[in-house]
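Structures for review follow.
One chain, chain A, links the two complexes that follow: it is found with chain B in the first and with chain C in the second.
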Partner chain A sequence: MESKEAPKRMDRRKLIRNGMQLSLGLSLAGVAGWSATKSSSDDLVWQLDPFKCVQCGRCATECIVTPSAVKCVHAYALCGYCDLCGGYLKPDPNARTTAAENQLCPTAAIKRKYIEEPYFEYEIDEPLCIGCAKCVAGCTSFGNGSLHLQVRHDLCKNCNECAIARVCPAEAFQRVPASTPYLIKGDFTKGKKG
Partner chain B sequence: MNRKLINGLLVLIAIAIVVIITKDFVGNKAGKNTPNPYEYSVDQFRQVDSAKVLYHEVLTFPVGAETLSGIALADSLVIVAAGNQLLHYDRSGKEVFRKTMSDTANCITVDKEKNLWIGMRHQVAQFDLNGNMQQQWESFGERSVLTSLAVSGDKVFVADAGNRVVYQCDRKGNITLKIGEKNEQKGVSGYVIPSPFFDLALDEEGFLWVVNPGKQSLENYNADGSLRTSWGVPGMKLEGFSGCCNPAEIAIMEDNSFVTSEKGMPRIKLYGQHGELKGVIAPPDKFDTDSYYAPDVAVDAEHRVYALDFDRKQVRIFAPK
Partner chain C sequence: MWTVAALMLVIFSWWQLKDPTRDFAVSNAGDDKRGVDSAAVNEVVNIGEKFEQFGSSISNYKGTWSRFRGADYDNILKNSLPLMSKWAPDQPKILWSVELGEGHAGAAIYEGKVFVMDYDETKREDALRCFSLEDGKEEWRRSYKVSLKRNHGMSRTVPAVTADYVLTIGPRCQVMCVKRESGDLVWTMDLVRQYQAEVPLWFTGQCPMIDNNRAILAPGGSTLMLAVDCTSGKVLWETPNPGGLKMSHSSIMPWTLNGKKMYVYSAVGGVVGISAEGADEGKVLWVTKKWNHSVVAPAPVCFPDGKILLTAGYGAGSMVIRVAPDNGGYKVEVLKEFLPKDGIASEQQTPLVWNGLLFGIQPKDAGPLRNQLICVSPADVTKVVWTSGKENRFGLGPYLIADNKMYVLSDDGTLTILQPDSKKYIQLDQKKLFDGQDAWGPIAVADGFMVLRDSKTMYCINVKK
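So, the complex of A and B:
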């Protein structure tokens, strides 16, 4: 008589143990894969879009770093090198000179240098700049908009929730890849208005 | 009794707290509406004494195009160049003609024979009133940015902001004279043009007036291209021209009064033939704040001013009060 062997049955404990081992293995593989992907892709940092910026002053008052990690930068290629510079001089100044009473910047962080008649160059003294955007407003309204704000990544703490981004009325703050951390006017343009 | 009173008070306090927080959140838009301690304000210069406003707006009509370039008048027509569109409106604002051009216009003018002269970025083209091209000149070069045209008899004046020069040409496009070119030997510093706003116009005697925007002045030239006179003062006050590049647009009336249009703090003003401020045609509060573009302006024989508002995409007509 031919004997038939009964099919092998897995007991419940073994099934649970195998299931847990499989789950653990898959989880570990998943975490390892995710970590590998994350480490190979770009990290993100905060930056502000100069074309969205409305010069509200929040970059000066809200940043956790003092003075702010947001600074004015100058796109020289866009600058008109104007004598009557809307970003440097107060509206209707007494004279077009470097006298403090004529300067728009509250911390005198812009240096005016004579180039040739009638052109002047404007340079930002970044340690003095508090990121208030007053000069940006003047330059944008009455000049070419070459002065604009940028988050300086040597100063920014890259907080998870940026204190400025939280209150920025123009929602100009965004996360950008750390490999291309700046949105400088001239290099970065928006569609021409007209 | 005491317990009920305390509970009631607690409920009232809780409601008050909720109301205060909600009011603050809504009014302040979660911290986005607080005042700016570093605000750049030119509000004091926006205020204009109503006695100085000599004009009022009599008609406004929309321009059916996205990109506006310039405005000109011919008989009863208001002609608008809008990108690559040529649009005609009657004086009531009704669109009566529309044609697509081969290139994008930067500026437009009409001569006495009712030919349309259109400045593209590098080239000038002549059209008849129905938009049929009569001729197209050769390019003024890659660096050229044509911003204004004026025609008098056989002379066509072309403002080139890119090369910082005014070309005097014959009607075929041959350059007969270069005006305002930088010449260190003659001590001519040339035009200061920080941005592509560089307008010109002819007065009733046919003399050329050119805006030197970086010097906030208007310069008048003799027939040989030598400087005849100039006027203009920088400043935000009413009599001055503000910012780096103003007046961005001009027009000259039959009595040789000047209509000037400014960008930054848009305003349209009227000056006498010697550059004395007569009054205001359209004060800053008539325009959107901080416009990058000054309204282009044209004038008719009744001294009405036609302003092409780039922000609102409208033709706005102002008449003397």
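So, the complex of A and C:
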């Protein structure tokens, strides 16, 4: 057997990825913290299991909040940073560019940024995201599944009878403790996929 | 009353003047500020510059899996030794394994030697590596410096091997022909520099072909297809490319229609049949641009009655065309075009024809049939004869038939043995061979040895009965 260990160093891609992970983590932690101040540890809130989600689009149309309190989030650790991103580009696009006609997202809520050949980074502009899951379906079918939906608790009214949960065909909605309100894809959900 | 009217006027004026699209931003091409791949533009590559000999051995094995999809381009090993249909708990034995650069390049086997195109990230070299089939010891490698960055793998082509030569295409379209036994360099070609080929996304996927001692290559660029004499390196013919078809990840397939031999290539931009013999050798016999997708990996599946199944991933689905003689030429007719949820489709692997039936694993966008192995009749490829069921899903990995058994490798290194059947899915055994990731490289099998790989390691198992 041969050994091909490259010298360990922090490359630009890794630095950016770590930065994005940190920002996502801090953002979600902030929202979680804010939610926690409003609820006791015994309280439950709605969340959707991204591994059960079938990207039916009902999160966009059924939520009582407009636009939906369900948003796309990005697990950067899982992302392939692909040029041909199935979550960003329409299937079989004319070109791999940021032109509107090539984008899958109906509200242009995903920002694409060139990192270095051949890597591109994708960031969700949450205020624009309507939770339609088109990008999630593309990323799940043709990529690593790093784009996924989550109920954002700074927007969710936590209805007793969640309008989305009532119609979710995959029964992906569940109540989770308010102290751990997110089911983000990543290291701690590894193994759940199978 | 005047107050209400004034208020209404104000509201009306506001409504008239308000531009609901004022916050909209225009999405233009180039907003991502895409850069240029400097390595691809400036690098001068001295193809085949380096040779290393590590050892040598004499093998008594005579079996071959000499190229992509095997001797007959159908992924079926004929005259196989009897192979196991069920494994004991300690079987199959992994005889040896070798670490490779990240990629999906499958191996070719020729009389006891394994040939694989690899990329060494430490040395930054493309390398044709020759191993002993029996013990996995590397005997020699022929390599050259070329800059690559990982892009879902690097090398992904299977060498073509004959009694005399080994032909390779590297990730950046560098072609190398060497002597099979010694690894001596015979000739080289740079399809980008010489023919303005465009390196496909995720690098070259076209597996080279040797037909009648001629290397057959499809660069796209200035030349759609060309033939090179393997012995002299002389270019025998070049097919012009006025239609601007580009190199895809698909590979050229030979086909004989009504006694006329041709090469069929599913390019980016269209599919073409080029004469493989006679006075018109190298001439375009037929072409259609109705099959036009940006990423095409599976090879065309050609049937004797003139039908061709074309399939591709990323939402493209499939198309069935019929090529027929017409007034001294050929006409091409589209018989069917459909999405993956409506019929057989594939993202990477080429569907396999066995006993008049077509087998393939559906892509992830195929609805309820996603990742299932399905069987369809070529007469109607949208009508499913049987499926492996929702309990038996596979991935993007390869599959082949040997000794009347079908072997399917899943992404994670699980190997499943099936009994190919015209009526139903019959699973004989299943075993997780290794903790793999993206085990997509084609399988090679010869003399009861099966060579498989995941993205980073090549394994050899004994499947002899």
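We take it that the second predicted complex is superposed on the first by the 146 of 194 C-alpha atoms of A that agree within 3 Å, B and C clash if a C-alpha of one lies under 4 Å from a C-alpha of the other, contacts with A are read in each partner's own complex, and residues count from 1 in each chain.
Note that a contact is a pair of C-beta atoms (placed from the backbone, for glycine too) under 8 Å apart; a residue touches a chain by one contact, two chains touch by 3 or more.
Values in this document were obtained by computation on a predicted structure and should not be read as measured data.
After alignment on the shared chain A, the placement of chain B and chain C results in a clash.
Of the two partner chains, chain C is the only one that A:108 touches; chain B does not reach it. Contacts of A:180 after superposition: neither chain B nor chain C is touched.
Once chain A of one complex is fitted onto chain A of the other, the partner contacts of A:98 are limited to chain C, with no touch recorded for chain B. Applying the stated contact rule after C-alpha superposition, one finds that A:118 touches each of chain B and chain C.
When the two structures are aligned on the shared chain, A:55 is found in touch with chain B, with no touch to chain C.
When the shared chain is aligned, chain B and chain C each come close enough to touch A:82.
Residue contacts after overlaying the shared chain place A:140 against chain B and chain C alike.
Of all the stretches 25-33, 187-195, 277-285 or 349-357 given for chain C, the clashing one with respect to chain B is 349-357. Shared interface residues of chain A, touching chain B in one complex and chain C in the other, are 80, 82-84, 86, 91-92, 117-118, 137, 140-142. Partner chain A is touched in their complex by these residues of chain C: 25-39, 97-99, 101, 120-122, 149, 151-152, 201, 293-295, 313-316, 347, 363-365.
Remark: chain A residues 55-58, 60-61, 79-86, 91-92, 104, 106, 117-119, 132-134, 137-138, 140-144, 166-169, 193-194 touch chain B in the complex. Only residues 1-4, 6, 80, 82-84, 86, 91-93, 95-100, 102-103, 108, 112-114, 116-118, 120, 137, 140-142 of chain A touch chain C when the two sit together in their complex.
Chain B makes touch with chain A in their complex at residues 29-34, 36-42, 45, 67-69, 189, 192, 194-195, 214-216, 234-237, 240, 242-245, 264-265, 290, 292-293, 310.
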